[in-house]
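Structures are listed in the sections that come next.
In what follows, subunit A forms one complex with subunit B and a second complex with subunit C.
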Partner chain A sequence: MARMKFLCDADRCIECNACVTACKNEHEVPWGINRRRVVTINDGKPGERSISMACMHCTDAPCQAVCPVNCFYTTADGVVLHSKDLCIGCGYCFYACPFGAPQYPRVGNFGSRGKMDKCTYCAGGPEADGSKAEYAKYGANRLAEGKLPLCAEMCSTKSLLAGDGDVVVQIYKERVAKRGYGSGAWGWKTAYGEAIES
Partner chain B sequence: MDGGNGFRARFGVERNGQTLLAERSYLPGSEIKDGYPEFTIGVLKKLGWDKDLTAEELAVIEKVAGTPDKVDTVSWSTDLSGGIQRVALKHGCSPYGNGKARTVAWNLPDPIPVHREPIYTPRVDLVTKYPTLPDAKQFRLPNIGFTVQKTAVERGIAKAFPLIVSSGRLVEYEGGGEETRSNVWLAELQQDMFIEINPADAAERGIKDGSLVWVTGAENSAKAKVKALVTERVGKGVTWMPFHFGGWFGGVDLRDKYPKGTDPVVLGESANTIMTYGYDPATGMQEPKVSLCQVRAA
Partner chain C sequence: MTLISKFRVIVVALALLVMALSTQPVRAQQPASVNPQASAVTEDRLFQELNRISGRCTLPDQKACTIEQPAGRDWRYFHQVTLRWIGGLTIIGMLAVLIVFYLWRGMVRIESGRSGRTIVRFNAFERFVHWMTATCFIILALSGLNITFGKPLLLPLIGPNSFTAWSQWAKYAHNYLSFPFTIGVFLIFLIWIAGNIPNRVDIEWLKRGGGIVGHDHPPAYRFNAGQKMIYWVVVLGGTAVAVSGYVLMFPFYGTNVASMQTAQMAHAIVALLFIAVMIGHIYIGTVGMEGAFEAMGTGTVDLNWAKEHHNLWLEEKNARTGPNEPQRQPAVTPAE
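And now, the complex of A and B:
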């Protein structure tokens, strides 16, 4: 079984936000909820870098560890998903997540949170694959159709890679070896507990 | 023609006793193994290729000529039958001729480009040495750039509007931005019209990053209310605005003026509000992308 991972090559991201838009379009994500976003560091200065961030589908995911209602589960492909039927919108996962991935719709006054929403690796949720109920709660299930997440598929510079961790790392290593530099696959070690040795 | 053609023989065949046609250079498969002028009926006749024209093509060419004595002057570019082009291509030749490229454009005001200060320049000291070209009629319109430049210097415009303002494109946006701003997924990415300003210029004016500012332009008391993006991406004395916004004018939100259901999700001041008079002194091309401005906290 493949272990699905995301890798963002910060030397290639051009901050075009196509990944963000592709995600919004594919899953009908409402205004103000960002399953994926592009973060720019040192904006306007020499050494400016952009990275595309979403749920990294961590190994031993911190969100899963802190959830009081146990709504998270890890699929056989290593994708971290959650059940919106169980979620109580407590926000613990948001504080635990090193990537700021969990998002909450505002459902009332005084900042009360709705059920958590996050990147599903285009793999839906606990409902039957491709069902209407699944789409309404979690968006499209591309993985069940044998397709990879749309954000990475859409990436014009192939900065954002998605797929089996071993394959993705191999592509990244070859790239770094060929061009002779690599500022690192940001977030990889935090998410997967191992460095990419090159 | 596979791989492209040569240079158009656009400027005659000879100048100052030197040929303007290509020498020892021609297309593969060309029946003329040298340079040649643009194709006309006269040229076709000299080559004996006019016999390749069909009766229908000749009838159209005679109609274009008007009178029989002018038939020889009908060119590939005026022949509505397309026959001259067809015959030239049939013989492996480019209908527009086979000429040389030129670096001296003798029929333009500056045969070789030289520096000329912009009409609205912060470096007024350079205007005397590098003025724009004299006022003239270009094509069908007047270009009064020289007068505007002189007046701007005399009136001290650069003192009142010391910052260069240029405009440009955001990667998230397309063209004027109306379509992009009408699509919720794209409109969410850049929700505010802004002006980039250097930290030194912002500090002098007490402007904080993300705060609202008034941008004023050098003509027609132009003003626009936008957000400040304080960044080192622009140098001191330079500002920059995206040109994708519209729907605000002079600090007023005009959303209620849109026909029902046609207002984009995101509106903002148009960068063009601030821009000023200016046309390229050689081509007459308008210059709406750079001028002078002043910025102050709103």
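And now, the complex of A and C:
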């Protein structure tokens, strides 16, 4: 089985936010919820970097560990998904998540945040693949159709890579070899416990 | 071609030649390929500066601009390991101590027996405040323990759907009952502060171990040193859980992820210690001591109980109202 991962090649990200828009449109994500966002570090200064970040679908996911109702599960592809039927909106996954991935439809009304929403790696939820109920709660299930996440598919500079971790690393390493430098593979150490050389 | 146009061509050619010559050495100095990574920010360097990486983002939700906060791992360890140890040790430890103590000492009896004459200890308002706070506390404690211990203990027994349904209601109860609980703690602070200022009698009481061992009855006013400790645990612990609880209940109002994690840790630790202390309080107020429960039940206590446990309070009360005031307990409770 493949182990699905995201990799943002920061050298290529031009902060166009197409990944953010693609995600919102594909899944009809409600207002105020951002499953993916682009953050620019050292904006306007020499050496600035833009990174597109969403749920990294961590190995030994912290959200899954702290969830008091056990609503998370990891698929055979290594994708971390959750059940909105089981979620009680306590907000603990947001405290534990290193990447700020969990989102809530409401904030700060006596702690009833509503059901948590996050990037599904375009893999839906526990409902039947491609069903209406699944689409309403989690958005499209592209993975079940044999397609990869739309954010990475839409990326104009192919900065954002999605797919089997080994293949993603191979593509990235070829780039590093060709251009002579890497761009850090942001978040990989935290999410997967591994760093890619250079 | 006219002379002027020939001249113009020569001038342009010369100008181009000069430009070409002047740029040539500059280009020669450039390396074969540029490595923008050399000057770019790196994850490792940012983590060395701060255990969090933030930048600029175009979203109204500024929390989204924090791209990485590995501190979540420490909080996860606290929540999954440290907190469960603290809770397990204090609560099971307290229960174990009480069971052993009960088996060894049994119920503390009224040694001179019941006199049949009672005296008012807590009026209706005091009892209302006590039971309002106590009811809220028990529900808050159970729903709070559910968040930490429900997943390993209750979830396997009742299944995910029932557990979510119960946890959802428990969470609502936890949030809304915090208001009457906070009011209760505040009222407890006001109505009993007078009797709970530590004084010299407490030192004597503590030296004699509160008379727990043997049949000793050290002197005490309305509240003995042990009860004063319970009072201050309720007032100070109650304030701490209320403040940290409201921070959690209104997430990210002037707080960030780090302060939310801190609030959760403070809330959980104080609450678990609070629960352990209250188990002791419940013990001594029920099976631990004869004649103690009725103080908060009916509001009156037996005269001999008062003589043994709160002699100075009884003397004070008699001095104020006269010893004839205590009413004879009716043999049969009249129908209401």
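Here is the rule we go by: the second predicted complex is superposed on the first by the 191 of 198 C-alpha atoms of A that agree within 3 Å, B and C clash if a C-alpha of one lies under 4 Å from a C-alpha of the other, contacts with A are read in each partner's own complex, and residues count from 1 in each chain.
Everything that follows uses one rule, which is that contacts are C-beta pairs under 8 Å (C-beta built on N, C-alpha and C of every residue); 3 or more make two chains touch, one makes a residue touch a chain.
Please read these numbers as outputs of a predicted model, since none were measured by experiment.
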First (subunit B), second (subunit C), both or neither touched by A:43: both
Comparing the two partners subunit B and subunit C, which touches a greater set of residues in subunit A: C
Partner chain(s) touched by A:51 [first = subunit B, second = subunit C, both, neither]: second
Subunit B versus subunit C as contact partner of A:146, first or second or both or neither: neither
Partner chain(s) touched by A:69 [first = subunit B, second = subunit C, both, neither]: second
Partner chain(s) touched by A:92 [first = subunit B, second = subunit C, both, neither]: second
Touching partner for A:24 - first (subunit B), second (subunit C), both, neither: first
Doubly contacted residues of subunit A, that is, touched by subunit B and again by subunit C: 17, 32, 43
Footprint of subunit A on subunit B - complex, ascending: 171-172, 184-186, 188-189, 196, 231-233
Interfacial residue positions of subunit A with respect to subunit B in the complex: 14-17, 20-21, 24-25, 31-32, 43-45
Touching residues on subunit A, where the partner in the complex is subunit C: 10-11, 17, 32, 34, 37-43, 46-49, 51, 53, 62, 65-71, 85-92, 94-100, 107-108, 110-113, 179-184, 186-187, 189-190
Residue ranges of subunit C touching subunit A (in the complex, touch as defined): 33, 35-43, 46, 53-61, 63-70, 72-73, 75-76, 79-80, 146-148, 150-151, 155, 160-161, 163-164, 167-168, 171-172, 175-176, 248-253, 257, 260-261, 264
